[in-house]
Every structure is written in C-alpha cells, then in structure tokens.
Amino acid sequence: MAYLIHLLILFAIYGILGLSLNLVMGYTGLLSVTHGAFFGIGAYATAILMTHAGLNFFVALIVGLVLSGVVSFIIGAILSRLSGDYFVLGTVGLNYLIVTVLINWSDLTRGPLGIAGIHKPHFFGLSFSDTPAFLVLSLIFLALTFLVARFVVNSSFGRALKAIREDQKALQVFGYNIFSYKLAIFTISGALAAIAGALFASYITFINPASFDVMQSVFILAVVVLGGLGSLRGSLLGALLLVIIPELLRFVGFPSEIAAQTRQAIYGLLLVVLMLYRPQGLIGEYKL
Amino acid sequence: MFSIQTKNLKKHFDGVYAVDDLSIKIETGQITSIIGPNGSGKTTLINTLSGLLEIDGGLVVIEESEKLSKITPHEIPSFGITRTFQNIHLFEQMTILDNILVVLTDRQVFRAIFETHQTFHLKIAEEVLTRVGLWEKRGQLAVNLSYGQRKLLEIARALAMDAKIYLLDEPFAGLFPEMVKIISGIIKELKQESKTVILIEHDMGLIRELSDYVFVLDSGKLLAEGKPSEVLAKREVIEAYLGE
Amino acid sequence: MNIIPQIVANSLIAGSIYALIALGFNLVYGATRFVNMVPGALAAIGGYTVFFLFNRLGLNIYFSVIAGVVVAGFFGYLSDRLVFRKLRSHKASNLVSFVASLGIFTMLQALISILFTSQFQSVLSVTENPKTYQILGATFTWVQGLIFITSIAAFVSLALILKKTSFGKAVRAVSDDEEVSKIIGINTNRLISWIFFIGSCLIGLSGIFIGFDIGINPTMGLFIILEGATASIIGGIGNVYGGFLGAFLLGFVENFGILKIPGEWKPAIAFGLLILFLIFKPEGIMNKKK
C-alpha cells in the first residue's frame, strides 16, 4: 500500500510537470528540453526557504512559484528570439547552464552535496507528514494545475498559442505580438513546474543538482510525447504510464543502479519508437 | 485619396533588387491589380507592405498620414490592412472555426487569457464562413480541406478582419470556375463597401473584369500603369510577359 | 612567469578537440538539417571502446584507437540505417528527428552506464606518458601534441575530400539540396549513411582524445554535443570550414575566460557565447545571412 501511494505521489509530480510542459510544447509547438531546470528552481527555492529561512512550505511554494516564473520569464525572453533548431539547442544549453549554477553556487545550494532535511508541509496545525496525507496534497495540486492549464488552453489566449504552433508568421499579420505570447506561456509553464519542484523537495526531503539535469528534462518530454502533444489528459496518461512501467523492472529483480539506467534506456527507446510509429503520442491531437 | 503609397521603396536579397525604387499610389476604394511576369517582385512588394520583409529603402505611406520606413507585421491590422497568402498559410491542425475566431478575439495577452469567444464572435465567423460556403464544415481541421476550400478559408479569414485595405496574393490561382466566381463576387462586394483591394493576378480576363487600375512590374521596377484596357494593350507589357 | 603561452597552448588543444566534434557535427547537420544529439553519445562510445580494449583487455593502443573510431562510426551508421532513414522517408519534421535522436542518445548513454558503471574513468594514466614538450614557454604532453596534429590532419583531409573527390561533390550536393541531388541521380540514402559514418568516426575520435586528456564518463556526451554545436553555430552551422574556425575561437574564449572566472564556470562561458551568437548572429561567421 505504501508503495502504491509512493507511485501515486510520483504520478502527481510528473503529471504537474507534463501538464506544464505540454502548454509550451504541445500547444505552442516549442520543443523545450529545459523543464528539468524549472522543476529544479521550484525545488531549490522551496528547500532553501524552508531550511535556511524556516518558512512554511506553502509560503515557500508561493515564493518558489514566483521565482521560477521570473526566471522562466527571463529565459523565455532569450529563447523567444530563437526559432526551430536554434530554439531547441538553446533550451538544452540553458538546462545545462542552470545545473552548472546549482552545482557551483555552493553558498546557496550546497553544491553537488545537495540540501537535506527538508520538512513535510504543515498548514494551521494540519500536518501532511504521513504519506497518505501528502498524497492527498499532491493530488490537490495536480488537480489545480490541470484546471489552470485547461483554463489557459480554452481561452482566446490558448487558441492563439495553437495558431503560433501552426504558423507563427501568418499569425503575426493578424495582429499578434508572438513574442509576448511565447513569453507569457513560458512564464506560466515555468511557474507551474515549480509546484512540482516544491512537492518533490518536501516529499523526498533531499535534493541535489543531478535530479534536475537534462536527462530529467528528457524524461518530462517523454511524458508529454507519450501521452500526446496538445492533450492535457494525455499528459496525465503519460505520467501514469512512465511512473508505472519502470517499476515493473523492480519485480524482475534488477539491482538498483542498473534498474535506474535501464529505466533511462527504456525512456530513450520509447521516444525513438514513438517518433517512428506514432509521433502524436497515445491520445495526442498534434503531430510535431 | 490614396490608401497606400510607396515612395522609392527598395527591397533586395543579397544585393539583387526584388523591389527597385518603386513609387506607386493606390487609390482608396478601388480594385488595383499588380501584374508582371514571375519574379517581377509582386509578392515581395506585398510581403514588404505587410511587414514580413524589412524595408531596405524608401517609405510606405498609409492613408496619406502614416509615413513608415519600418513595418512590424503585428502592427498592420492597426493600419486597417489585412492579406491573404499565395502559398496558403492556414492554421492547419485547427478547426475551420478556430481559424476564423483567432483573428476575431482579443490580441492583448492578459485580456486574452481571461477571455473566451463570445456570441458576437461566432456571429461574425458564421457570416464570413457562410459567404465562402464553409460554415457547414466549421468543425473540420483546416488540413483536411481541398485546395480550393483552403483558398476560400484564407479569403474568409481576411474578411473576418474587417479591414480597409485587402492585399490578395493570387486568390484565384488553380481554382475551378465556380470558386473563381465566389471570390470575384466577394472582391466586387468589397469594392461596393468602399474597401481598397490590391490584387496580384495572372489571368488577363479577370484583371480586365475586376480592376480599376493596373500597375505592371518588371524586375522590381514599374513598367507601366493605367486603366486595364490601355495597359494591357501596350507593347512593352506584352513583351515582358512573353519574355522578349 | 608569463602564463599567456600556456593559455594559448591550452586553447589550441581544447580547440582541436572541439574542431573534431564540430567537423563531425557539421558534416551530419549539413546533410540532414536537424540538430542531432546522437554524436554526443558516440563520443562516449569511442572513449569507452578504447577504455575496454586498451585498459581492460590490454590490447595495443593504436589498434584500440582505430577500433574505437570505427565502432563509433558504425553506431552512427546504424542510427541512420535503423531510425533516421525511416524518418526521412516519412518526411518527418526536424523536431521529430531531434526527439528521436534524443531518445537514441539517452538509450546509448544508459547502456554505457550499465556496462561500465557511471564512474569517471581515466584512459591513460599519467605515468604511462610522462613525456612533455616545451615550445615558446608552453608545456604540453605528447598526447596533447598528437591531438593537435591529428585534428589539423583530419580537417585538411576532409577539406581535400570535399573539394577534390566525386564523393565530396556528392556530399556538397546533398548539403545544398537533397531533392535536387536525388534528381541528378545521387543515391542520397546511401550517401547520408556514409556521411553519418564519417562524421561519427570524427566524433568518436574526439571522445577518445577527451579520454586521453581528461578521462571519460557515460554522461560526457551532453557536454560534447553542446561544445560541438556552439563551435558550429559560431562558425556557421552546417559549414565544415566555419565549424573548424568556431572550434578554435571557442577554445580561446574559454581558456582566456577562466583567467577571470573560476574554472568550474567554463561551461557557462561556452553557453554564454552560444546564446550571444544565437541571438545576434545565428548564421555564424562563415555563412551568409538568410
């Protein structure tokens, strides 16, 4: 049972990440390999504020969310000037850069050692320190993220995002400032990813830079691509499958280091197979 | 009254001038055709006027008041300009209705987030899609339409903009006669509504039928201008078309 | 003591390794026109092949290096035959190809970790090559000298092949326009597979050299692909000559940069340069503006 709850919490965290990346990738058509970094900014902001400043989880989460929004705004301002291959490379490079910062800014982040001893959330005497309670909290955040994402994609703004994905050159002459749209969705998406980061930090109670590297971004990308680009339910499905599938390896009895690597090999293979045979993903509405 | 004037307009690619020191004046409320052989700079002119290409020299004057040496594409609706594309640019993996609604709803980011389309948006969409006969198909994805229907959707999208100046880049190319009829009908209606239409076209019959005035371009330069019957009779125009 | 000559030497050595990466990257990019992550993993494959044959099995070093180059080339060829050729026939967008390459990259990286653990390994121990040389006040090891000479030789021979041979003409034709080269009767699929092989050999060699110079670990590929792409973009993406130039420029900027900035921030220097070029001069030094 505890094991099942653990998997469901991971599902909630990756569901949030998948939903937020899908806004950028599936709806706006910007292939981004930098979501692991936004995830990390949320996690680090929460961890630092909770351990150093002794802030409450929820306060730390909100600060982390704003901070990640600001960082993604700046990153978005750089990336929105790029297109196609250059954009993709830019996202990979930025993720790499942010991990470099996390590793080397040791005064703040404790470098490669990471930050330990992060507390579980408390809220007016309500404690989420046991895992079932934490699961409920995670699912609430997942639901909130889903609602925000749905609100965004169903709005006029969301329709314009899809039009950017389809033909940004044409959309401009109908009066759209593409740059500000990309910037806005990047900011929203980065802020949402920070929620997942906060949950992750306080659930695992320990974070280090390696958790937020480019491979993490590839994993989040796999969640979105597997479930389907441009489908919010798809991202939930993708998160569920990608959290469960590798766990099957556990029953085969692989040693833990090899299991972790095998998991990566499986994501990789999955991406290749999807691109070859089903680039729109399982229930996607949009082909890259 | 002139809706658009170009003054010594220049646009070059790697030093080759596609629009070369071009000065033309387009009368408001008329249908003006721009003709010329392939590569004469017609589409480059339209792309420059709609901000998709940077101006390399000279000016564009709109409504005799806005003097522009730099045009950003997203500004052009504020000058009352809209356009269609020769090589169709639709929002392919979106429904026909969404292709129209997207040019109707709020452009400002923050307002757009908190807005969904309203009944009056739908009403305009219904009106323009009915005009081109696509309202019944509104739920289909644009990518699944036939070539002719795609051309019609481009026209409908431009109509939805309710602009003052319509830049139509080869709207008839490759169409069956019945669709040509629908579009030429729409262009005539636009004139009745005192809109300005700038038309790039190759079919001499249609040019005679529709245009009030014709500019002939060759290698980015103005070769001739005047009423269609006069211009099309000129020897240099015929020569330019037949390639010496 | 004047440290400038040493920094120049370090820049040239780093530049030679980047040059090999950029040559391979640009060759493949020129023919396929999408950002391919696979070469990063191939560098690691080259390095690990040498590690396995030389350090583990104790085989001859020259044989190990040649084997490492060929194995990397073979994996590159394989990635094209099994995946990218199919994607080309589907007329897949370059984003699809990129994601597929990311998948292959992830897979290969994980496989290397499974086979060799994710530990850092050094390929040659220092005691085995104690010999150092001094020129104009700069000290370097014979391996570093070899790296520099090999990189120049690889560039010159590649440039000659591209200029003089019919193979080179076909490569340039494909890089200019795949459709046209099909029409004039070039078997583009076979040619592109060959380009993958040659490009991957070069990248594999760079991985081996990094192994000699610093050491290897399974995740080295990401750094390599970013450095290679940065060098290529600085020089002009898809332009073999530009990439070579860009590589040395990158080597110099990084090594002179760490005079002012602590060494562990080196990746940040490369990346800062990449972003500057992406924004202000995306066509690079050697390519014409689009």
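All chains are identified by letter, namely A, B and C, in their written order; residue positions are counted from 1 within each chain.
Following the convention adopted for this analysis, a residue touches a chain if its C-beta (ideal position, glycine included) is under 8 Å from a C-beta of that chain, and two chains touch if they have at least 3 such contacts.
What you are looking at is a predicted structure, and each value in this text was computed from that prediction instead of being measured.
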{"item": "Per-chain Cα centre nearest the global Cα centre, belonging to chain", "value": "A"}
{"item": "Per Cα centroids, the chain farthest from subunit C", "value": "B"}
{"item": "Dominant chain pairing [most C-beta pairs in contact]", "value": "A-C"}
{"item": "Distance between chain centroids, defined by C-alpha means - subunit A, subunit C (Å)", "value": "30"}
{"item": "Centroid distance [mean C-alpha coordinates] between subunit C and subunit B, Å", "value": "48"}
{"item": "Distance between the centres, which are taken as Cα means, of subunit B and subunit A, whole angstrom", "value": "43"}
{"item": "Residues of subunit C whose C-beta touches two or more other chains", "value": "none"}
{"item": "Residues of subunit A whose C-beta touches two or more other chains", "value": "287"}
{"item": "Residue numbers on subunit A that touch subunit B, as the complex places them", "value": "152, 154-157, 159-160, 162-163, 165-167, 169-178, 180-181, 184, 230, 285-287"}
{"item": "In the complex, subunit C residues that touch subunit A", "value": "34-35, 83, 86-87, 90, 92-100, 102-111, 113-114, 117-118, 219, 222-223, 225-226, 229-230, 233, 237, 262, 264-265, 267-268, 271, 274-275, 278-279, 282"}
{"item": "Residues of subunit B touching subunit A in the complex", "value": "50-52, 73-78, 82-83, 85, 89-94, 98, 101-103, 105-107, 109, 112-117, 157, 161"}
{"item": "Contacting residues of subunit A [partner subunit C, same complex]", "value": "31, 33, 78, 81-82, 84-86, 88-90, 92-94, 96-97, 100-101, 103-104, 214-215, 218, 221, 225, 257-258, 261-265, 267-272, 274-276, 279, 287-288"}
